[in-house]
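Please find the structures below.
One chain, subunit A, links the two complexes that follow: it is found with subunit B in the first and with subunit C in the second.
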Partner chain A sequence: MSTIDAEPDDILTPIRNTSKLWFVAFGAAAAVALVWLAAWGYQLQNGLIVTNLADWGSGGGVTWGLYIGAFIWWVGIAHGGIILSAAVRLFGMERYQPVARVAELLTIGALSMAGIYIVVHTGRPDRLVTSILEAYPWTVQSSPLVWDVTVITLYFVMTATYLGLTLRYDIVRLQHKMPKYFAPLYAALTIGYTKKEDQIIERMVWWLALGIIVLAPLLLHGGVIPWLFALLPSMPGWQGAVQGPTFLSIALMSAIGGVIIISYALRWAYDWQHVLTDDMFRGLTAWLGLFSLLFIWLQLQQVITGVYAAPTDLEKLMTAKITTLPYQIAIGLIVLTLAYIFAQAVDRRVFSLRRSVAVSFLVLMGTLTEKVLFVFEGLEYPTFSLYHAVPGHYAPSVIEMLSVAGTVSLLTIFFLVIVKLVPVVELHAVEDHEDHSEEVGS
Partner chain B sequence: MSGLDVWNVVYPGVWVIFGVIGLPVYTAFLGWFLGKPRSLSTTVLGMSVFATFVLSLWGGLYTITMVIRLFFFG
Partner chain C sequence: MSTDESSESDEPRHPYETDESFHPMGKEWEDEMRAELEETDYDADLGMQMARDAQRLVAGEISEEEFYTEYHDDVQEEFEADERPIFDDLDGVDLDEVGDDRSMLESLQDVDLSGDDVSRRSMMKKMGAAGLFLGYSAYATHENEQDDEIPEQVSGVRPLTEDSREHRWGMVIDLERCDGCLSCVAGCINENGTSTGANWMYVFAYEDEQSGQENFLVRPCQHCSNAPCAKVCPVRARHTREKDGIVLTNYETCIGCRYCQVACPYGVNYFQWGEPDVEMGRLEFLDKTPEGVQAMDAGDGFEARAATYAEEGSERHEALSEANDHVYDARGWWTDSRPPNGVMGKCTFCPSRQDNHTDNPKGTVACMNACDETGMSAIHFGDMDAEIGDDYDRGVRYLERRKNINPSPKQKNEADPEEDGYGWEEEGSTPQPRDDIYTQEDWENPPAPHDTSQLSTFKLLENLGTEPNITYIGNEPGPTDEQIDTATRDDLTGYEDIQRDIQWPVTVKDNRKHHLDYGAGGPPEDHGEEEA
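So, the complex of A and B:
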């Protein structure tokens, strides 16, 4: 059965109608992206020294800063998307089916932004691909950085395959109502389509969903990425098994926040109150609250074990961390979010879409701040004060800050373009259909 | 046996990546080939889409890095 009271034509609204606002949004996003690209060009010409991340000789020994923090943040945002979609398919959470494809697209877009940060943070990005591929057979044996690249590749490709396969059903049935000038694209996406494949594809994406829901949260953002840090014994701020669950909590909350914001923007732009319903947003808000609570709980674990009877190096790091104003603000933003979500759970009248969107922004700001602090404070407070003699103190440069605005703009452009190409709500969500959940996976 | 360092025989990345991380991927592919209903042509299509995305991702990244080399490090 359809999960919402909408017609198949409704999901084609973004493809068929282009308002002035779309052009304004595109122009504004493109302008910001160009400003950042110019700043990155300046960095490429003059080297990473323009960000104080070039070597051990500046920034108090910090060589990883906002770029790496933002990389982790984007990978985290990417998670919610596909996990939400996989949960719809695996656990029958059909309430979220209308937002499943938006969530999948967020995964692709956000992972691409994370990939851009890998390129941006290297001093010689032109050597990136050749050096990774040539040395892969040896580096994969021991380097968590190469494990990271491997798992992100798998995650991206599995998600893109998932999206590519699920789009076939929709495009075949809606193509006659979609723009003729995109016909070659639609022909490529539906190559070799036969009606008999529908059930088989449904089963194949069920298996992909199963793989992704294990790979992404448990082995990537709760695995390989925290291991990049936790396996370095000389950095007390990074070490320890708690980093896996902490990274995962941050990923899940920032991802749900991202899905809420983009879904709300689509609902507002295309009058999709009947497609992306209040009920769905209420559910997403509750999940945001659960993951935010998990995040605060894991922060408490680290703070208590870091400041009370802790080893000297850890105590120094944790004391610096909790007395830093940006950290206090980040935690405050999440606590504020929790207060709203608790209040709207107690009294449903407190809930409003705008408030849920507002706290989603707070969560994204809080998680980005926490991640950047985690990265550079970890380097600034090593065991035995390794970099004590290194002058300076790290603070994100204007170029680095522009990169956040630039990548957010690029993601905005990605969504502005994709809504014109393919339906961003699954046809299954708006049509009567048989529930195949008992057949798939057999 | 004293003196035998197991990490020098089976390096950590070998079992972490190909033994543990790979499991969800192997499982998905096994499900494609062994689950029902199935069709070899649709499974091959899925594998082709997967391979195309791997090549596009790294091919695209390679192209971008070569463009950067041309403009900034040529």
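So, the complex of A and C:
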């Protein structure tokens, strides 16, 4: 409800105390992850025939489905996360500084999940590295998928650098209060530290943030990821310039949703009401509303252009899309979210943390559904639509669906582990609280 | 790029500047430029000097300011003496700005070259704008030179130019001859051992809703000369053979991401979702690993990206011929017959045949043979670059013949039966009958003779810029046309009807998804199971 009134010691709570609940959460997440890993093993043994994917065309199915949909969903969360964190640093949005690191960690975690999906999706994962590296000098000139791999790698490196640099400051100052048995890890993270570097690192981080803010919309989630689809002229559901902004809006929505959920979990688990304040959650909720509105607007653009005097192929796709129940549900979830956010903006009493968390779940479910629909409906309604068997009916198989549960569990494990290793709230966020001024944001 | 360290000059030199020439395209180019400058009544030395420095400007050795200061006065002098305006008269170029904060490039872009002011244009030509262009061309050439280090960087996406390639394999498919018997589908399955539902050659009837008109579409891979699938492949497994334009998948490097399938506008790809129905051991091939085949001597064959095509008579070619190999192509790449698990497959244009190491002659494909055998001869495979009378001219020959049939059937009957039967030969062309490939009589009497201007041909989705190499004769399907379900019609051959013609343990099916949905275990009862 007010400015942050936390002590540096507060951010060490998760490292110094481990409750039974932590073990329960870890066990549950590990169990789910293991079930999925077993399913994946089965897939590796038998091939992708265990999915419900098939060949588009005479084959009567879709060749990309949930795996690719979930891949772009995770990538979106990752990219939105890093944009959020970069914005905090670049524009001095101190109100959100306590979640900047959560957003960065979410980026690393979500990017890893996206990486896993690439491996899960391919028919011959054993060849991934050798085949891609061998042909790289040629393919980087022509294949959007290779641009994708290139830019994602770049971002992974940038984010990891960013995180690594900012961690040094905190660890040096807090190390004496952190567990001795992690000392080698801390020593590695702070190798060569001198006091003089603080200022330099601050500047480096600023430039990294600038790079991310500039490149993310141009190249990353407004660039190579939508280009995977938007550059193909034979799939009317994908082609077009609107995909860039649409993808970006989805990325930002999903990331903010993710950050709200994770921060809420941290606040709940470690009594961080004073670190992760109501005020901050209000702000995040407002941003979530803004990007949801943007998303709805871009959907409207697509629907209207797709049904009013559209070329036959596009009209066919759009008519099918808007009459599909899952699409209506996805849009419904986002509209519901918007309704809540508008209401709490008009009347502050409508706001509650739990409601914000609930709509964050809705948003994540909505965006995942939209992503999967986007992928397979695009393939179901190609320009060349003579084949009687197309559209086939795709519904993900159990093994495919398990992958979502599996990757969510892996990400949970990632966070459960990381909170035990390093402070997930920046020291800066609690140090600077005296000169914290109320941002006008939202 | 490395600087020339042996350079004696104390002045910084452009990386590819030699004692002979400063221009990357060499002395010849430079001399040509000088000659051009000397034709004018301006200072050629000045122009050349500017050209040289323009290159240094491009290489970043001197700044634009320096370049400008160096030459502004000279240029002014040179041209003002002649009372020709320089920058001041060029539309949109502010002289003072050029030296300050605007780049030379920007300023040049503002220059209106379209104006009919001759003095301006000639001035541009001489004043070392020639020099500047030289510099820019240096820049462009330099880029190209770098590309050369990566051999033929675009290769693998497009065939070579017509002069450099050996063939451009393609097909002319006469839809007016097709009766939908699916023999070609069976021929393809028998040749390649493709799994259930992977109908590389796919034939279907479709209906125009408005006119009620029914047609067949014969749909192999279009082997596009600008293939989207090859362009998007992240590992260059899907590629276009530069030698002859065949679009293939290298089964050894494909990672199974299926982006090719997504990018293909025609839906011709069939992924190997599980273990292939036909085991590797049942295919005919040279019993060596791809590396082993590639290691064999290819002789003096066609050189291409990362591979040499085995020359006829070379060790590799002999070995492949000996084995009647249907799996490797002349490069020793595993690209033919059905793919292994986890890898993409599609119609291949039978590359082992086109590389001439099988018992089947070069210039034939399995589907065409099957079609010819039924007497339909709707498929005409050949080199689409060929002139009539060349080898492998069947495609172009057939098309030309169909185009040029002018007389009505009655007139044709009255024509001299002793004539060679073609009726379209031009002077100097001496087509040889190729009875080994097809029977002339088979397609001698087209179903409906057309006047040249009336023959309807099309390529599928040509407006997408894919440059397909299949030319169809017949009516192009409209955007709202729909496939007719063979199950609803007794008069149409269904896919299960050709089962008896298949030599492999493969169930012929139309709807592959239905089959795939059974998962790894396969359908409970492969045979006699009903279609959904």
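Here is the rule we use: the second predicted complex is superposed on the first by the 413 of 442 C-alpha atoms of A that agree within 3 Å, B and C clash if a C-alpha of one lies under 4 Å from a C-alpha of the other, contacts with A are read in each partner's own complex, and residues count from 1 in each chain.
Everything that follows uses one rule, which is that a contact is a pair of C-beta atoms (placed from the backbone, for glycine too) under 8 Å apart; a residue touches a chain by one contact, two chains touch by 3 or more.
From a predicted model like this one, the values you see are computed outputs, not experimental measurements.
Engineer: Between subunit B (first) and subunit C (second), which does A:Pro179 come into contact with in this model arrangement: first, second, both, or neither?
Structural biologist: A:Pro179 contacts neither subunit B nor subunit C.
Engineer: By the touch definition at the top of the document, which applies to A:Gly27: first (subunit B), second (subunit C), both, or neither?
Structural biologist: Neither partner.
Engineer: Determine, under the contact definition given at the top, whether A:Ser142 touches first (subunit B), second (subunit C), both, or neither.
Structural biologist: After superposing on A, A:Ser142 lies in contact with both subunit B and subunit C.
Engineer: Looking at A:Gly332 after the superposition, I want to know if it touches subunit B, subunit C, both of them or none. Which is it: first, second, both, neither?
Structural biologist: Neither: A:Gly332 stays clear of subunit B and subunit C.
Engineer: Name the contact category of A:Thr383: first (subunit B only), second (subunit C only), both, or neither.
Structural biologist: second
Engineer: Contact-wise, after the overlay, does A:Asp313 reach subunit B, subunit C, both or neither (first, second, both, neither)?
Structural biologist: Second partner only.
Engineer: In the superposed arrangement, which partner chain does A:Leu128 touch: subunit B (first), subunit C (second), both, or neither?
Structural biologist: both
Engineer: Across the two complexes, what residues of subunit A are contacted by subunit B and by subunit C?
Structural biologist: Correct list for subunit A: 124-125, 127-128, 139, 141-143, 146.
Engineer: Help me check something: in the complex, which residues belonging to subunit B touch subunit A?
Structural biologist: 11-14, 16-17, 20-21, 23-25, 27-29, 31-32, 35-39, 41-43, 45-46, 49-50, 53-54, 57-58, 61-62, 64-66, 68-69, 71-73
Engineer: Which residues of subunit A touch subunit C in the complex?
Structural biologist: Checking each residue of subunit A against subunit C gives 42, 46-61, 63-64, 118, 121-125, 127-128, 131-132, 134-135, 137-139, 141-146, 149, 228, 232-235, 311-313, 379, 382-390, 392, 397.
Engineer: So in the complex, which bits of subunit C are touching subunit A?
Structural biologist: 150, 153-157, 197-199, 202, 204, 206, 217, 219, 228, 231-237, 253-259, 261-275, 341-344, 460-461, 464-465, 477, 479-485, 510-514, 516-517, 519-520
Engineer: Considering only the defined contacts, which subunit A positions touch subunit B in the complex?
Structural biologist: Subunit A residues touching subunit B: 41, 44-45, 115, 119, 124-130, 133, 139-143, 146-147, 150-151, 153-154, 156-158, 160-161, 164-165, 191-192, 196-197, 199-201, 203-204, 206-208, 210-212, 214-215, 219, 223-224, 439, 441-442.
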